[in-house]
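Read through the structures below before going on.
In the two complexes that follow, chain A is the common piece, with chain B as its partner first and chain C second.
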Partner chain A sequence: MAKITINGKIFDVDPELTVIQAAAQNGIEIPHFCWHPKLTVSGNCRMCLVEIEKMPKLAIACSTRVADGMIVKTESDRVIKARQAVMEFLLINHPLDCPICDEAGECKLQDYSYKYSVGYSRFDENKVHKPKRVRLGPNVMLDVERCIMCSRCIRFSDEIAKQPVLTFTQRGTHVVLTTFPDTQLDNKYSMNVIELCPVGALTSTDFRFASRVWEMSSTDSICVGCSRGCNTHVWVRKNEILRLTPRFNEAVNSYWMCDSGRLNTFRTVNSQERLHSPMIRKDGVLVDVGWDEAIARAVSDLKSFKKSEIAGIASAFATNEDNYVFQKVMKEVIGTKNVDYVQHVEDDAGDELLIRADKTPNSLGTRQVGVRPAEGGLDITGILKGIEEGSIRALYVLEDDIAEDPRFAAALPNLQLLIVHASVNSKTARFADIVLSCSTFAEKNGTMTNFAGRVQRLRPAVATLEQDRAKDGFAMSRWDKFASQNDRWGRSVKKDARPTWRVLTAIANALGAKLKCTTAEEVFKEIAEKLPPFKGMNYINLGSQGANANAAESVSKQKVTA
Partner chain B sequence: MGSTGKIIRKKDLSIWQKSYIPEIVKGLRQTIAEMFKPKFTIQYPEERFKPQPSFRGRPVLVQENEVERCVACGLCSRVCPALAIEVQASETPLEKERYPIKFEINMVRCIFCGFCEEVCPEEAIVMSNEYELVFSSQEEAVFGKDKLLKTTEELKDRLEFLRQNR
Partner chain C sequence: MEKYILPDIPDLHSIAVYEANGGYKAFRKALGMKPEEVTDEVKKSGLRGRGGACFPTGLKWTFMPKQSAKPKYLCVNGDEAEPGTFKDRQILEFNPHLLIEGIVLAAYAMGITTSFVYVRGEYGKWVRMLERALADASSHGYVGDNILGSGFSTNIVVHKGAGAYICGEESSLMNSIEGGRGYPRVKPPFPAQSGLWGCPTTINNVESICNVPVIINNGAEWYAKIGAPKHPGPILVGVSGHVNKPGVYEMPTGLPLLEIIYKFAGGIPGDKRIKAVIPGGSSTMILRGEQLEGVCMDADSLKAAGSSVGTAGLIVMDEDTDLIQVITRISKFYYHESCGQCTPCREGTGWLWKILQRFERGEGRTEDIDLLMDIANNIEGNTICALGDAAAWPVQSMIRRFRDEFENRAKSLTMGSSTIAL
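Moving on, here comes the complex of A and B:
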């Protein structure tokens, strides 16, 4: 251990650390642009200059190793002056673009200008002009004028995404970031450079100009694009998701997420294909009905089959709560043994960084909460065969489009009864007799277990018809807080969808069961009490970072000893 | 009631004062004097009030060379204390890169404070000299770009006033 003094306080730190890391560990922020905890040190922005005793000049904190007895000052007059000078240089050629810059509101350069700069410009020459609307790749736009040459994007592409296509050309104030000839920034993680970029030089082609950051609410959630379960922020305005951004979680995704998860997973939530309400088949066509009618119909239809003629297909796209209640209702209330789920593993679709071959966010959790055939029941192949042969006559499908599989698509017409929970007008829903419109991942509370056994929370970011942002504790933007019914900007579309587990509970209770849970949190409490992998967990201790089965146990142990 | 002033009670007034005659005479003198001075009242609506350039009438958008100056930065929307403004940006091939595909001011919400004009980095929204606002429904009170856009020519006085008082 090295003993160092920062701003008069003494800390014991690991001698391997740099000054900036040691300071950060102890809650002291040293301003910086180019340094990033997950990238190599390049030391070119000079923003992190600090005063170290016995060193003749100021030193950059990002590349200076701590040493025993080192005395560091991060707020001395010399340091403040140096920072102001660095800011002045950075701003000399920086355009006055904040009004048209997507970064405004979450811009490091903007924030630091307020915090560390003198607040006026002495430069009245012409600024250097550079290319402004440069497409670096399919998902990333570059504005070279705004670039402060921190090289974070270059280092990310080289070191993390392993696609070394970015580089600087020219010199001095004329430096230009560019791709090598005949290449483009099109790796699967390319959009991470957008958050990495401390300024608005790199913007998202998808989100460009869609909204100012302060007009949206941000909700902590997770990505449902594959079984990694990257932590995300869900950005919502007018009850519509406008973008997803990665949220730091060292145990899952670090600072990153893949472009596919970021761009595609929320499309279903906003989709034009969303169901308006539950539907039942009348005279051969599906018609919109109310919840009571749909549930009553499901109950009466289910009663007309023998237990062995019914099968249930759970879903690795649904939450632990949904799947737990589903298998419980199927096995204990309806009384069938035929319960399983469909895997969606795309061989070779995974990679070393984040993307997993398993394209469902919750397959491990689905198994852990008990989705499997009971003694002597049929598994998924058995169920398919049963439908084809006619021994299975009624099928209950959770949030999974099983008809994507041609074998299921061919077999489904054999059924006498098909009940489906779906959020969009999916292929399976089109075969169904009863469709129960279900809340998507962005509209409900719940948990999912990623491939490594980490249980993580989903939080509602988009309100459905029965939810109210204020009363139900949603993240609220300023617009959400003050809208009245006369404000056009306050009007939004709410879908008539309900979380699957709750509809299942209603159906089970109508069939004579006595299920008591009224919130997802209560369902999870029951899961945690009954099932060992979830022991000791609850919505509070899962927090924003989730917990592994073992970790949660040690958390509860710590509590006992503390 | 100053701490030094003696409190005058009704019973302390002299008879002369109690009669109110001097006060009435004072008042009448004022009235008669005013009768012979020039008048400021206007026979509205036959005659119209022409406000000075400093007047804060309804906010409008400045149109210059056929396009709005606005770059849809949303600062007016953010600063508006009455939450009257909604802006939706979009991309344009013009040099300014972004423009408001939608710009709406809810004139029922607007309190004519002029903050939007003050914050605008483009001098794209200014207070006009229009003060006659009539609507028969809430919906009608929401002015879109069609009603908001005014040419620099029409807004000459205000723009000149702003230039002088920068």
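Moving on, here comes the complex of A and C:
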């Protein structure tokens, strides 16, 4: 341990740390642009200059190792003057784009200008002009004028994404970030450079000019694109998701997420194909009905089958709460033993950074909450065979488009009854007799367990018909707070969808059960009480970072076939 | 005075002439010494680097680890891009074998496996001259495997730069040799810990290395007595500007600048008054003509006068010189050569130049003078490499010593442009 003094306070720190790390660990922020905890040190922005006793010059905190007895000042007059100078230098050639810049509102340069700059400019010359619209790759645009040459994007591409295609060319103020000839920034993680970029130089081709940052609410959630479960912020304006960005969680995804998860997973939420309400088949066609009618129909239809003729397929796309209630209702209320789920593993689709071959966000959790055939029941292969052979006549499917598999697509017409929970007009829904429109991952509370046993929370970011952003404690944007129903910012479309576990509870109770949970949180409480992997967990202590499922129990011994 | 680095011997660049005049004798002598003894001798000689910073050469060599699992490298800096500096070029042309002998000696002292001589890209002709000399030295068995049957092997590679002043900065030079962008590295780690390809490396200027055979031949004690005691040895001074005989002159350190200007370089054309002198290449602080009495070409004397030896590139300016034009041109150079890596230098150099251009056009304002000073102060000491300082010092010293020149320019604006709308 090294004893160092920062701004008069003494700290014991690991001697391997740099001053910026030691300060950060002790809650002292040393402003910086180019330094990033996960990238090598480049030392170029000079924003983190600090005064260290016995050193004649100011030193950069990002590359200076702590030493026993070191005395650091981060707020002395010399430091403040140097910092103001760096801010002034950075701003002299920076375009005054803030009013049209995507980054405004979450820009380090803008924030630091308020915090560390003097507030006026002594620069009375012409600014340097550079290209404003350069496509670095399919998902990333560059505005060279805004670039402060911190090299974070270059280091990310070299060191983390392992696609070394970015470089600077030219010298001095003419330095231009560019891709090497005949290359483009098109790795699977390319969009992380957008958040890494401390300014608005790198923007998302998808999100560009879509919204000011403060017009959106940001909700902590997780990505449902694969079994990694990268932590995310879900950004919503007018009840519509405009973008997902990665949220730091060292145990899961560090600072990163993949482009596919970021761009594709929220499309279903906003999709034109979303169901407006529950539907039942009348005279051969699916028609919109109210919830009461749909539930009553499901109850009466289910009653007309023998228990052994019914099967249930849970979903690794659904939450632990959904799957838990599902297997309980199927086994204990409806009384079938035939319960399983479908795996979606794409061989060779995984990589060493984040992306997993298992394309569902919750397969481990699905098993942990008890989705498996009861003693003597059919597993997924058996269920499929049963449908094909006619022994299974009623099928209850949670949020999984099983008809994407041609074997299921061919078998489903054999069924007498198909009940489906779906959020969009899926292939499976088109075969269904009853479709229960369900809330997506972005519209409900719940938990999912990632491949490594990390139990993590989903939170509603988009409101459904029955929800109210303010009353239900949603994250609120400026428009959510201040727009009125009479102006266009206050108007938004809400879908008539409900969380699966709640619809299941209603059906079960109509069938005579006495399930009491009225919130996802209560369901999770029951899970935590009953199932060892979840022991001791609750929504509060899962917090924003989740918790590891109790290790010994985390991997179900159950072998699952698809 | 006798000359050691550039003696007046015709055809000394040919290996036969070099050998006939005692060439490679120092190296034969060194083979009878332990490597540490060679380093010790250089240390005792008091030799200080001729590349700009006057750093003690022997001391620098001791930073190299004795034992190293990785290969050790020497980089010989012949980038020579500081305006007013053209001395290393003379060595490459007239005495390349002295450089080669010096390199082999340094390699022997530090256990170097490969040395890289980095020559500025514009020196195409001199690169070829050095390569020719190197081929001769190799064929005569002074470079390569098992040199002179001693069991000691070392190689020399000539590397041509691509036209960037910044690649003369030692860590940028290493990046350039590695094939990377000419960006200076953040120090520490210092080159002796982690230099070329992460291996222990020493960087020395061409002229510094050329002093080594002289030291080994004649002994450290003898050497230490030449010139200024704390900065001894022969030194190549490149004199340019308003002098009758510009050129590179070898002399002992510590000679008065006025003696150099009037005796060596033949005085000022038309016997004009000296207005200003830049003593050691464009980055060193400018001195007023009246201030030169007693100022000598060595580290202490120039420091006391408020400047430095730098590369001993003495630039002389007569009374008719427009110093605003001079400083604008110097600033343009540093602006143009800033690698752009770190904020104060990248942005500050351009800003300085833009303001100075206004002064040159007669559009400078009195308050701009303090602004220039403040910008220079904000660059100085706050950057990754010393190019930032090199850009700041000329501006600072010009304002400090010739503020009147700026004020006159600024004033002429105020007086002459009564129509400026406020």
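Observations, loosely collected:
By our rule, the second predicted complex is superposed on the first by the 548 of 562 C-alpha atoms of A that agree within 3 Å, B and C clash if a C-alpha of one lies under 4 Å from a C-alpha of the other, contacts with A are read in each partner's own complex, and residues count from 1 in each chain.
The definition used in the following text is that contacts are C-beta pairs under 8 Å (C-beta built on N, C-alpha and C of every residue); 3 or more make two chains touch, one makes a residue touch a chain.
Since we're looking at a predicted model, the values are computed, not measured.
For the composite obtained by superposing both complexes on chain A, the positions of chain B and chain C are free of clash and fit together. In the superposition on chain A, contact of A:172 is made with chain C only, not with chain B. When chain A is checked against chain B and against chain C, the one touching more of its residues turns out to be C. By the touch criterion defined above, A:215 reaches chain B but does not reach chain C.
After overlaying the two complexes on the shared chain, residue contacts for A:135 are found with neither chain B nor chain C.
By the touch criterion defined above, A:100 reaches chain B but does not reach chain C.
Once the two complexes are laid over each other on the shared chain, residue contacts for A:89 go to chain C alone; chain B is not touched.
By the touch criterion defined above, A:486 lies against chain B but remains apart from chain C after alignment on the C-alpha atoms of chain A. For the pair chain B and chain C, the least inter-chain C-alpha distance in the overlaid model is 14 Å.
Comparing which residues of chain A touch chain B with which touch chain C, the overlap is empty.
By the touch criterion given at the top, residues 41-47, 49, 57-58, 60, 63, 81-82, 85-86, 88-90, 92-93, 122-123, 125-126, 128, 148-149, 167-168, 170-175 of chain A touch chain C in their complex. Across the interface of their complex, chain A is touched by residues 164, 166, 181, 186, 188, 335-344, 346-351, 354-355, 358, 371, 378, 381-384 of chain C. Only residues 96, 98-100, 104, 132-133, 208-212, 214-215, 478-479, 482, 486-489 of chain A touch chain B when the two sit together in their complex.
Considering their complex, residues 71-75, 77-78, 83, 86, 89-91, 96-98, 104, 106, 108-109, 121-122, 138, 142 of chain B touch chain A.
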